[in-house]
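Two complexes, one shared chain (chain A), two partners (chain B, chain C).
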Partner chain A sequence: MLNKKLAYEYDDSRLVDIDTARKVVDLIYSLSQPMGGTSISIRSWHATGQRWSRNRASMSSDQRDIRLSISRFIDGGSGSVTTNQVDRASLESAVRYAEERAIYMSVAARFSDMPLGSPDLEVRGKNVWSDKTYNRTNKVNGELVSYIARKSEAASMLSAGYIETGSANSYSIYNQDGKISPESTAMVTRAMCSMTIREPRGNGSGWAGNASFDLGELPLHEIADKALDKCIRSINPVRIEPGRYTTILEPQASATFFNMLTLGFARRVNTERGPESPFYLDYDGQLDIHRSKLGLRIVDPRITIKHSPEDPLVGTHPTAGMRDILYVNQGILNEMAYQEGYAREELVSRYPQPVRSSYSVMGGTVTMNEMIESTERGLIVTRFSDPSLVQGSSMLYTGLTRDGLWLVENGKITNAVRNFRWTESPLFILNNLESLGLAVPIFEPSEIRYALGSSSTYHLSLNNVVVPTIKVKDFSFTSTIDAI
Partner chain B sequence: MNLKKLILVLFCSALLPIPAAAQTMFINPAPLVDFSHYKYLEECNGAIGRALSEYSRKHAIYTDTLPYVLPDYRLRLPDTVVNIAKKCSEKFNIDTVPLTHIKRWATMLLIADRDMEVHSMYARLWDTLSPQGYEEHFQAMFDLYRSAAPMRLEALQMLYKLAMDKIPSDSVLWRLFLEHNMVRVYRAANDSMASVAHMDSIFNIISSADSAVINRKDVRGLIGIFIFANLLPLNEVAALDSLRISTEAYKNHYSGFWQKLRLPLEYLPNWFNSEFPALKSDFSYRSTNPNDSKGYIEVPKSDTVSYPVSGKITALAFFDPKCHSFTQADRRNFSYLQGSRCRQQMTALRRLKEQFPEMEIVLWAKTYGSLGFYVASGPKEEADTLAKYMLEFHKINGTLLVSNTPTIIMPGLDQRRVDLPSDNDLALVSPDGGRAVFGGSEMVLIFDQDKRVIHFSIITGPEYGLVHRKIATVLERARNKGDKTH
Partner chain C sequence: MKISRREMLQYSGVLAAPYFGTFQNINGFLLEDVKEEPKDIMKRAVEVATGRGASYADARLTLNHGMVVRASNPPSREAAMCFGVRVLVDGYWGFASSPVWTAVEAERLAISALEQAASNAGGGERIVDMAPLDNPESGEWDMPVVYDPFLIPTEEISDYLYGIREFCSSLKWMKGEMVCTFMTMDKHFHSSTGQYTRQKLYATGGGFNGSVANTVIKRHAAVNIGDKITPAGLGFEYFRNRPIRQYIEEAHEDALRDLELPINPVDIGRWNILIGSWGMSGLVSETLGEATQLDRSLGFEANSGGTSYINEPLDMLGTLKIGNELLKVSSDRSEAGSVGKVLWDDEGVAPRKMSLVEKGILKNMHTSRELCSYIQPYYSRNGLKLEPSGSVGAQSAINVPLIYSSDLTLHPGEESSKSLNDLRQDMKSGIEFKTAGVQMDFQKITGYIRGHTYKIENGKRTAILADTGLIFRTQELWNNLIALGGNDSVSKYGITTRKGEPSQTFRHQVSTPPSLFKELSIIDITRKA
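Let's turn to the complex of A and B:
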């Protein structure tokens, strides 16, 4: 009998294991009055984090929490409670409240409408889980921070950044027998690292970072070396005239523009509402409907953007309603996301097309060196900061270049360059594509605790993006800025 | 154990994590009120609000549980709430409280049954009020009295007269404002005669006013609100024999009224009191005995009747599947369609049939492709589901007509289903003359025995009493007519 705090809070297990989850479920069932139905979801997360600045560790954290949701369904009414306390007294109080609420709501539901069935969506995806990430300790992360700090100090530079690893799991019990089935169990891990190394007087800055579900895929020492190298190479930048330049966007920079583009795919219903959307085509007066650019070419034919739930680089754990999404197929707008209501009302279909923040862009074969060698005069961008929307229907954004910008002349990198403000649209640059590099995972911040979502959703969501280096013509840099 | 060991144990135990107390406060605390500590009006109003919400939580009123006679709904508030207001208001000297937050004071005093003090507060306010404050305070006063339970019509009438005396006689705007709000209050109280009396006052004000004043922007704006809020529904009232003015007379009255306002006459629901075209349908169903396991049967084409039915009072309801809002929190077992508007209509129709068994209830729906989470495989299956949903589940004792909506599927990757107007949509253009059709609303039309429209509206709570009286009047008229014939 669980009359004390559950054991997991005091032992070394970072997440609620299945045995503990079963105990909680059994206890909730035993505390419930013998009527109606019960649904339970137990979600837990754990995260370790190391932050440092000016070559000194500033925070070492180890956090964990659970979220237990109990819903009771009685006589057509429902009542729910969410808590993170799982001792007997708390659970009993939670169950009583859920029951009281369900009985209260049943008065309304008795005269409510009958259930007409909901779609039984296909479950797809694989658990993106890595034991190496799950077992990572702050001690090991601390050693890495120490390595970066020592190396930066040796080079007379200042470093700052963070390393986070985390894991989350979820058990959902909807069946009346209270059994936890493998299909209702989800597990994810996440590791990410971002660091900036700067010259102490502000004459140069270099950034590097990456994220993955598997810590083994994150070469943390290489990332640190890359940031330091970029910093040293960016010292004493020259000022050049703003204007349109042939530009090589490293994956972290190109992702900014692919993110803008995919954001436009998020809601088909908005596109079909009026001309404010970038993928709006025209108004059909005969049928009284707005048409979108579905089926029309919107970017260069070499661009293909997709999401596959089974791809470990961008996929997520097994989730209902997941399916392959081909947003852009060889430059043609192929799909946009829509919800269940839109599917039913507009497409007479039971299946929604959920929004996925994870996606991959099919890359090319051109290497970075080949791109540089083929450039007569152009720029290389490490990453962008602060992109903000200027105009929606043309997807015009403005932002800054940061942490490493170099001039290429006659096939060679000749100088570090002062940063620019840019004003540009993904629709323009992805139609001015010169070459595509290999697609690689990039750094996309996504904290594990937020992967749990709200209490009404039981899937875990993370941002994973795989994009290539791209070389584009006539990228518009509109003014120089003094920031490094 | 020596002292050092004891200190060490105490020190170590202080370092151990202290288990958090159990969370047992999921249930709302009871609204206990300790008046002795209260100093401010806000504390009293807070206590009243808590007591009211607790009462509402425990005694929630749902459409289906309401009594037939709707004015009864606005019964006296529960004693707990009234007692809090009484005890709390005793702590203050109402004669001297500042008038800056008069609405808050009046709210508490009305609940405490101290109507005369509300009256004296407003009398004090009117003495000091300048025209700049008219709108704010007049509006607040009407809001207060419209939501008061039980309604205080006599007290409001006194305040209205007091305010009318203060307003300069040439102030058309504010006189109209007060009259318009009185109409709204009496309509909410289902007192048609009183509301018509105030409408007459409005017509009189307009008749005697200069045309330039009437077409002034602020005055014309107010009249516009008045027309759409009160005048158009008045047609329904006008159809009742119990009222002294006939529909035709009102139409004529409006004619001059609209001309004076320089607005098009077409805004009037000119199909009112005119014969309705027969409805067309592809599928027809009738409810069966409620005790049968299947609550409906399909009516063969050869047996279908023309609706509205001649010689009977007919209620024709247009059912729009979109009036449901869908919950999709859980996808497995616990999803329900929830749509208060639909439910209200169904409830109203069920009751009308119970009270007037001779009445014919007809529902008309269009195929739409889906209903709730259910996506139909074809029009016939959808029509069957609609019959199951509306006749069997909602226990509507009547007929369901379903039109197969002509559709096209957009080519290419678009694949949207585009609905085209059905025959009924083309025949029944909405009152505003636009493309909106009845099939996209939840409008209920009531026809008399001659297939003439005597009422149209979405039947929400307050409308029910009006519809009920109207049908009773028409039936009585028919009976009287029959008696005279014999």
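Let's turn to the complex of A and C:
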């Protein structure tokens, strides 16, 4: 039996607190040679995960790590290291390494700029911290898994899924005095749940999931019920011909296409270089410049895509320099992201405008039922799998439907349908929009990233996306696939 | 081996001083040094776990280093120490991990892992029958490298890359740049079987971005040596001791020839298809490697990467016809220089050589100690000893171990000297994929390939084909295999794959000859319905 008391004694704080961060920063500065500049980033994360399959938990985990990055900038050269150790010996060798690299790069005339800090900018953002998420234990998650397992077993189905609650924080120091200012500190929590329920012989599959910083916002039992319902309704799908169909994309599916579009907003400079960019317009010979489509309509006027730091649904932790970004305003390309070099050279500004992976799309009022009832013949898509770019200039992608595809005939769902490969562009479907539903948050997974197979960082920047169900005309399904 | 940061400072020499250490407690950090043996730390975790009710426990310590070096940008360097403890209690697994290497942390992780396992007590019966290990072997092994990339001055590597860039600029119409990526992992393992292992592994690879541009005819062509620098279990000798400049020259000549070929639209329909070795490696990894992972097959990955066409493994082993008699695939992890080589996997299992597919018939699968028992009746039926495949791993001890693919070999044709050129010359009419990016569905049943393609007429490349894709069903593909390159044409590639929730990255080696297929479906990838 477990000794609970002993376990409790060991239960330290899961994240690096500000006092510890200050000690680390002070030590790094004391170890640095008195020249050049230093930037430091300290991130820590903790995640509790419950994975299950075949109606039983297959792994319950508790993971935590830290990621400390030190960059030294000396005479135009720079050197960087990342580690998860913060003792004196480790930090000293890290600082020495960064300095030696910076000096070498300087002597070798291979220059790089120190990123500019933004201490003088307004701090914007919303608290994305939830004590309920932070305090969630796998004991409670285990009960949820039991509920799902009982429901799935009662229906003679097999469930698999993952529920994770996590927290992360960061301290970023770009200034010369090494002070940790409130605007360079971020704390976030993250809860997500995703599950697939399958017919045991593989004749049907249903998926549901969602994510939020606040566990209280996740209707976990509803997600389970929805996945089971989709599984049961997807059994024994019929094969229909590929072709162009009026298609209702549930939010998880529509987000795939909105993500493609917002990814295209990532580098404004690319749109002004040549026709490879989907947002390139033409070359003006008189002014000798390439024009982008900024200011022109690119999609249906009902589409507005924005990032707002204070929007609780796409929550951005309080950060200096954050501002409202209106990417697409009533179909018109209004704004794109740019990097520091572009800001300095083209916009006479110090500050870059990074792309925000959290965004919201203004929704409509049409319900799912109304969309179905108004469809003579069409398809309903739960989600897409593995989208990959085929042609950049037209934003043409290909991918697969997955875990729930239904045929609608004369205003009613008539059959589950075999999955398709599709070939389609967000620019096409968002110019062939029939109707928009209510915008809702969707599932975006977190990921423990290992840039070089060594250090790890939990997703600190939340990829929260709020999108509507959309109904589009002539979605291109190019071939059937056998996978269910 | 003592873990002393002071001693480890010597690891990387003067210029590349490392930064080993342990942050002991994130609120009470700054311990001066660590005096504890990894073995003792892990032993403590296992003792605490088994002493408190775990029927099985294992502990892993990993020390990972990573470095990316470019010609002009400053190199980025990473290091991480990770500690993971896994326990089995009443059929349920618990896992806890952190970056702290101490016996005190070992106790905390063991207890946390036990609590994780106990969180599923209300979940109903779950039976785990771990495959036994006969005399689990303890030992230590360092992957042999000639030039440890973390011991030589980084300047030497960046200057080497600077030289490559200059060399590229000296070639007609060409610009090119290479990047080197180095990783190493010291991996310690101890389990309640009493086994202790330590291994030091390397993964060295690179990237190359090159092209030739003819400004007169306004055309450019890629210069690609990506196939020559996929991840390998070697040190800097992977670059320094190989004729990289010659590879670039050959690729440059290929690109110049490409500029002379017309670019034609593809004729959709059924064509005989020639796929180069590199393209074949991706196909084998996706259609036969991932599909034969038993956890995937049983639905453990259903919510992430998906399942497998081998959906009834017990019935399908020994009977499922995946391809024709030419198809023979084996797995192994013992080849020197392979990025997948280990002496023990992350469960302490010594990998075994297996025949995955023989004469087109499924013969074996990648397993763990837990899941091996699912297919025990197959082993019994065939008089085979129940043995896990030795395919379990994780990208660091922070992560949960999962089953992944061993190193795979698609066995070549009988005529050992048969080359890609010979196979091409045998084609009267067809399409050649010089490169092939493979995208499979979530059951590995149907797939899609796109890449750099040529029209082949009377044994010669006569045009570049634009926007060409190949769609296939896995079993159709392997049943339409009509010829394989010979032993001399086999090349080895380090393949990177992803799996799990949260997602992890794995690397394994795939050895493949170029291969010829009959009558597969070619599409125009830009054509919509």
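One rule holds in what follows: the second predicted complex is superposed on the first by the 362 of 484 C-alpha atoms of A that agree within 3 Å, B and C clash if a C-alpha of one lies under 4 Å from a C-alpha of the other, contacts with A are read in each partner's own complex, and residues count from 1 in each chain.
Simple rule for what comes next: contacts are C-beta pairs under 8 Å (C-beta built on N, C-alpha and C of every residue); 3 or more make two chains touch, one makes a residue touch a chain.
Keep in mind the model is a prediction, meaning the values are calculated, not measured.
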item	value
Which superposed partner A:L438 touches (first chain B, second chain C, both, neither)	neither
Partner chain in contact with A:S476 - chain B first, chain C second, else both or neither	second
Contacts of A:R56 with chain B and chain C, given as first, second, both or neither	second
Touching partner for A:I289 - first (chain B), second (chain C), both, neither	first
Which superposed partner A:I484 touches (first chain B, second chain C, both, neither)	second
Which of chain B and chain C A:L347 touches, first, second, both or neither	first
Per-residue touch tally on chain A - higher for chain B or for chain C	C
Partner chain in contact with A:M35 - chain B first, chain C second, else both or neither	neither
Which of chain B and chain C A:V81 touches, first, second, both or neither	both
Touching partner for A:R96 - first (chain B), second (chain C), both, neither	both
Where chain A meets both chain C and chain B, residue numbers	78, 81, 83, 85, 87-90, 92-94, 96-97, 100, 104, 108, 112, 456
Contact footprint of chain A on chain C as seen in their complex	5-6, 9, 15-27, 29-33, 52-53, 64-68, 72-82, 91-99, 107-108, 111-124, 126, 154-155, 158, 181, 183, 185, 203, 298-304, 306-307, 311, 395-396, 398-400, 439, 441-443, 445-446, 448, 450, 467, 471, 473, 501-505, 523, 525-529
Of all residues in chain A, those that touch chain C in their complex	1-3, 6-7, 10-13, 15-17, 19-20, 23-24, 27, 44, 47, 49-51, 53-66, 77-94, 96-97, 100-102, 104-105, 108, 110, 112, 137-139, 141-143, 145-146, 149, 158, 160-162, 164, 194-196, 198, 201-202, 205, 207, 242-244, 385-386, 388, 390-391, 394, 396, 398, 400, 402, 419, 421, 423-424, 445-448, 450-456, 476-479, 481-484
Interface residues, chain A side, partner chain B - complex	4-5, 37, 39, 71, 73, 76, 78, 81, 83, 85, 87-90, 92-94, 96-97, 100, 104, 107-109, 111-121, 174, 272, 287-289, 291-292, 294-295, 320, 333-335, 340-341, 344-350, 456
Touching residues on chain B, where the partner in the complex is chain A	19-20, 22-27, 57-58, 60, 62-65, 322, 324, 326, 328-339, 342-343, 347, 368-376, 385, 389, 393, 408, 410, 412-418, 435
